[in-house]
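Heads up: the structure comes next, in structure tokens.
Think of it as A, B, C, D, E and F in the order they're written, each chain with its own count starting at 1.
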Amino acid sequence: MKYLDEFRDQTLAEPLLKELRRSVTKPFRVMEVCGTHTMSIFRSGLRTLLPEEIELISGPGCPVCVTSASHIDAILAMAELQNTRIALFGDLFRVPGSNGLSLANASSQGAKVDIVYSPMDSLNLARKYPEELIVFLGVGFETTTPGIAATILAAKNSALDNFAVFSTHKTMPPPLLALLDDPELQIDGLLCPGHVSSIIGAGAYQPLADTYKLACVVGGFEPADILQALILMARQIANGEARVENAYTRAVRWEENSRAQQMVRAIFKTADMEWRGLGVIPESGLAIREEYSHYDAERRLNIKLTPATEPKGCRCGEILKGKEVPSQCPLYGKRCTPGNPVGPCMVSSEGTCAAFFKYTQ
Amino acid sequence: MNPGNTILLDHGSGGIASQELISQIFLKHLDNSILASLEDSAVMENHPGKIAFSTDSYVVDPIFFPGGNIGTLAVHGTINDLTMRGARPLCLSLGLILEEGFKLDDLERVIVSIAECAKSADVPIVTGDTKVVPRGKCDKIFINTSGIGIVEDGVNVSSTMAQEGDLILLSGSMGDHGITIMTRRAGISLDGNLASDSAALNELVALLLDKLPSGSLHTLRDPTRGGVATSLNEIAAAAGLAVEIDDQAIPVKPEVRAACEIMGLDPLYLANEGKCLALVAPEQAAKALQLMRSTAVGTDAAIIGSLKAGKAGQVVLRTAIGGSRIITPLHGEPLPRIC
Amino acid sequence: MCLAVPMKVIEIQGDPDDFLSGQIALVDADGIRKETRLDIVDRWPDLGDYLIIHAGFAIHTLDPQEAETNIRLMREMAEKVEAAEAVEQRT
Amino acid sequence: MNPGNTILLDHGSGGIASQELISQIFLKHLDNSILASLEDSAVMENHPGKIAFSTDSYVVDPIFFPGGNIGTLAVHGTINDLTMRGARPLCLSLGLILEEGFKLDDLERVIVSIAECAKSADVPIVTGDTKVVPRGKCDKIFINTSGIGIVEDGVNVSSTMAQEGDLILLSGSMGDHGITIMTRRAGISLDGNLASDSAALNELVALLLDKLPSGSLHTLRDPTRGGVATSLNEIAAAAGLAVEIDDQAIPVKPEVRAACEIMGLDPLYLANEGKCLALVAPEQAAKALQLMRSTAVGTDAAIIGSLKAGKAGQVVLRTAIGGSRIITPLHGEPLPRIC
Amino acid sequence: MKYLDEFRDQTLAEPLLKELRRSVTKPFRVMEVCGTHTMSIFRSGLRTLLPEEIELISGPGCPVCVTSASHIDAILAMAELQNTRIALFGDLFRVPGSNGLSLANASSQGAKVDIVYSPMDSLNLARKYPEELIVFLGVGFETTTPGIAATILAAKNSALDNFAVFSTHKTMPPPLLALLDDPELQIDGLLCPGHVSSIIGAGAYQPLADTYKLACVVGGFEPADILQALILMARQIANGEARVENAYTRAVRWEENSRAQQMVRAIFKTADMEWRGLGVIPESGLAIREEYSHYDAERRLNIKLTPATEPKGCRCGEILKGKEVPSQCPLYGKRCTPGNPVGPCMVSSEGTCAAFFKYTQ
Amino acid sequence: MCLAVPMKVIEIQGDPDDFLSGQIALVDADGIRKETRLDIVDRWPDLGDYLIIHAGFAIHTLDPQEAETNIRLMREMAEKVEAAEAVEQRT
């Protein structure tokens, strides 16, 4: 595929790797914030090639994995309602609620559960099943939210009544701030998420660079992209700098995508949000505005979130900060396995706990 | 057969309506003297060698898709499973479960495909069974085929025969069938030149058995559900060895790769319906590759890796940039993702 | 988060300023075609442009020049490394 | 296997959940070394003689009923079909189609029955396949069994072997299975001591083949769907002869007859799952009857009629009052009637 | 079964047959009015044993077979309605409407069609599917109608709202009168239906005996019952008598079953009714009274019967009178076969045309 | 028309004059048991009586004496025939 294959090319990756090794002058720790970065690093085998001075820490950047058990519980309750059909991204299908049950179980019990590729596909479901309420599960960060906002607007514009969104939308900076505010968290650089940055602009990381003295580099998702980003980061660290740099210029500008952000602001407002493994983080989520409350599944179905009862013992918060390893968690390998995940680090197939489990069995 | 031209419950009654279905559709297209006897079981001449036996049910949705239909899968799938043990397929059974209301025209279309595939692979359908369930109790048509094959004396092909140093051949591109089905499902609409690879592998395998020195073809496996990733794990586990494969050597069609990128899927986990893995003694691998490539179903064949000493059961993939990752078996049905 | 792929625009419907019209592009990658929404794209694309598509929405119109620069810069970096290495080996 | 203790779509993915199902339920109960190899097909020793091959799918509703369940039917049905050609059953395949949400406990109960029946008939399950379909796309569980048998040299049993003068034996009472299933269905509730006759006939047939002079057992047929009426029509048609049977000679249990009277059904058209018709040279009929009656499944065996010259394919029943009527094949699924 | 087996006994039937042969002094024609008699005569093989002086003509007495194509068309239209479930006796499942389609076809197209043993079972369906209207197909003569009337009353008493009956109920005397009024119809005796007579009483046939000079004998359904009835009839004919006699005294009295008849009169009133093969016969049917119109599917669903378009050419009327044989019908064996029946004589598996077809192929 | 079978009453519920109560009998034939409605039966049965059942409703309470008479009359007729025949044969 054009604009993908070029950046996967070994003839590019190999010299970039050499340049990276050359640029690294001392050990440093990088948090790759974004789950898609984690995934790409894993799939390309990059982790096995990086100089050992670079320690990669996977951040809280998989929106599916950080969806809290109490949100899943609420979703399972909606799935049981008569005349309700749940539309969702496939990633969410197997994420468990507080009793270990997921939408895969709900589906097996007769809940109507449809996997869609795009939120717009759920409007087609609404047309196809006029007697049902289609509840789209709104998960995602800055990249995904604008499309869901646009879908709500499209529903309104086409007077589709039987459609609502259950919003668990999250924004990226707050959990990063929460992690970075922990003095014990020692990281030197942030590999900033490429597609989130397409929306919020590379400039959004300036405060992080300034406040926490972090080398912030926005990177694309192909191996060469990541290597280039790491080279820039290594150079900053070697030079004692802490700037925002953009290594993904083909997709990311310094400024935000204002069409997308305006769409989000029109439909959503900030709200407190619970994160799996991290608890409630103030102002870290997005709720549907009053004006669009008709499209808000939470209000329309009068859903009350049962206060977070995260499984006792999950150490994800500490693991995400790189302060602990999975085997220190009392649930690891016992109550918490890839087949029956408890925390986000096990839910994500490339999460730290899942990877640890898989490769140490 | 009935004014509404659909399957009725009576077609499964075992009575006159069933007999009409048999004579007007099944025997019309599948005719051979053994099937036509309509006895409780088929009786055939035996052949020297061991007996191979396999079964598979087919429940694919949609039932018609580019590159084939549920009927072509049903014939090819069981022929291929027999072939994977080095057997020469002898015959197939055909078990149909039909939904009340299923269109007779669609049934005939499926049976015609079955007849064509069976004929072209030279493996007759010798016995069958048809059940009808009330509307809403199945999805249009489910098919079971079982098959018998003969493993000639001296042939011994199985996962446990795989040996350290064996080279791993793959007969063609990965993911064609899986991605074709997924993009035909409601909710996910991609257009493009995707088509299932539904095909019978018995000729390809016969060629390998005939032309390679006896004992040099160790293992065959068709990477259907679970994809090549899962099949390689099964082989590694059965052989008690490690597998190492090269990502860049694995053939994947550009359009399949593009569809996978869009939906966040990995072609190594997608089903194939006309491909096989072959583990061959290293000195015969080049010849085996050339033989595969000389067949219509094997033109894209490649050597993708080898069996190594190492952690028993582990499958390691060398990536395009020279890294490596461990390939686990499929965890759950592949689904389109956003991250 | 946020799997997204570049695909080439081969047809455009709708109007950048009218959210009530369907803002849709037909995009292609290696023969795979898909309709994508243009509601939230940063820059209204031209035919032949590449869009970065996430969950059915174009989130960014790829600047072809920027992309080529992107590749060129990497290649230059890579070539410099190779050249340096060649020098090293010669010495 | 999953917290909800039901079948999930992932159990049919071919991945890890499928493997768990295989090891924790299937291999646990059905264990034998051939099945446990989990190859694409089973490979077994061959035996001299012809090969018999049969397939049947089982879609019975309800899946559990007095006298058996869908699993016992699946094992007995295919064993019986093989046996009806004089074959010694060698092995079975097991193809499952499971509905998402099906209870794992119910699955295990069915598999345990299959294991018990297979063991007691000494016919192992050597290969299998499992598919899972979305909820509402099938009804709990459908089973296909196919089977291979060996017809020893000199054995030639088929409908076409039936000869004028042959006496017709029936191994037991008619209608037990059909009426049991019908009275379990919603809308028709009768209480009583009804139970399916689900049973394997291979021992009974082996006894006949062993003890009767070679060539005296001409035809065997199990009157399943369509009942003995339809089976006799099939035999008469294949043999090109007429059948005459005596109504009063046909064993029907009093409770089955009573249920039939109430619903307006004819036991001759109801399904049986552990009975066979045997056509025997007249001089061996008494011995055959005595042999049948010496088995547990044949205690109620009876001679019910004979093959005659006459209108080819016609089946005539002599009634209790000395009249006669023509017995046609089943026209449509038997339904309860008011007139 | 007690009270059945005794009357099927060959030790009884054989001497009765001899007595019958002895009692017959000249040829005579008997119409067995009732389909269950036809069926029993067929199943017992009695027809093959009777003296050849006795000619049996099958009358219009199968309520299912005489249900008109236009009624079936109306039923098929109801079956297509959303939220409607059809409950019916199994016999009706394969009876075709004017385009050859039956409820078996409707079911295959997704119509909800449930076969029941008793009309009361359809009340259970009403409880099980509260959002659906259960339409019970009321077919039957005097024997069946009282139970259906009692079912309507039970629905009312238990305030079951989602239940209605589509009434095609028929009464026996009118079609008999219509047939007997044809001067060309030459019959000497009527074998009167046992179970209809349980309800209406043997006395109901007195007018027929008087007006048409017919030997009327009420018979049970077992071979000995039928033989005894034929003996009584043969004796009457031999003696030139035309009386009503009751050979089924264990189940039939001279008087009506007034509890049953009162139940019918409370719920139904007489109405004109169309019969397959015979056309509309005045006052030959029963319609649900105004007071119970809530339980009348015809009114509740506003069903209009499309005027009888009986297939052109069907000779059933003549065949039922014994005036023609099936092969004289232009549709016989062509458009009309047991697999695709047109007229009632082919619909019933023991009807004259079906029997003719089956045994002459 | 009107398939109906005799079954023996083994239990009775309800009251002949109260249509609002369930008027139900449990009946048996050769071990097969069924609930039958008594709403329209001509005579309220006693335990041990036989009912003639059609489509779930008892339409008639069989008079056991009448039934025995019925059989007896037929038997007599039959015996007379046999006797006559015996005479005929002897002559």
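Criterion: a residue touches a chain if its C-beta (ideal position, glycine included) is under 8 Å from a C-beta of that chain, and two chains touch if they have at least 3 such contacts.
For each chain, UniProt lists the protein as follows: A, E = Hydrogenase expression/formation protein HypD; B, D = Hydrogenase maturation protein, carbamoyl dehydratase HypE; C, F = Hydrogenase maturation protein HypC.
Owing to the predicted nature of the structure, the values given are computational and were not obtained by experimental measurement.
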item: Centroid-based (C-alpha) most distant chain relative to subunit D; value: C
item: Chain at maximum distance from subunit B, centres defined as averaged CA atoms; value: F
item: Chain centre separation in whole Å, for subunit E relative to subunit A (CA means); value: 72
item: Centroid distance [mean C-alpha coordinates] between subunit F and subunit D, Å; value: 38
item: For subunit C paired with subunit E, centre-to-centre distance based on mean C-alpha positions, whole Å; value: 77
item: Centroid spacing, where centroids are CA-atom means, of subunit C and subunit D in whole angstrom; value: 63
item: Contacts with 2+ other chains: residues of subunit F; value: 1-3, 5, 29-30, 54-55
item: Junction residues of subunit B - those touching two or more other chains; value: 9-10, 16-17, 136, 254, 257-258, 261-262, 331-332, 337-339
item: Shared interface positions of subunit A, touching two or more other chains; value: 1, 4, 14, 35-36, 62-63, 89, 94, 104, 117, 121, 140, 144
item: All chain pairs that touch each other; value: A-B, A-C, A-D, B-C, B-D, B-E, D-E, D-F, E-F
item: Of subunit F, residues touching subunit E in the complex; value: 1-6, 8, 19-20, 29-30, 37, 39-42, 50, 52, 54-57, 59-60, 62-63, 66-67, 69-71, 73-75, 77-82, 85
item: Subunit D-facing residues of subunit E, complex; value: 1, 4, 8-10, 13-14, 17, 35-36, 39, 42-49, 62-64, 89-91, 93-94, 104, 114-117, 121, 124-125, 139-140, 144, 223, 338, 349, 358-359
item: Parts of subunit D lying in touch with subunit A, wherever the complex brings them together; value: 2-4, 6-10, 16-17, 100-101, 134-136
item: Residue ranges of subunit B touching subunit A (in the complex, touch as defined); value: 186-188, 254, 257-258, 261-263, 266, 317-326, 328, 331-332, 335-339
item: Residue numbers on subunit F that touch subunit D, as the complex places them; value: 1-3, 5, 7, 29-35, 53-55
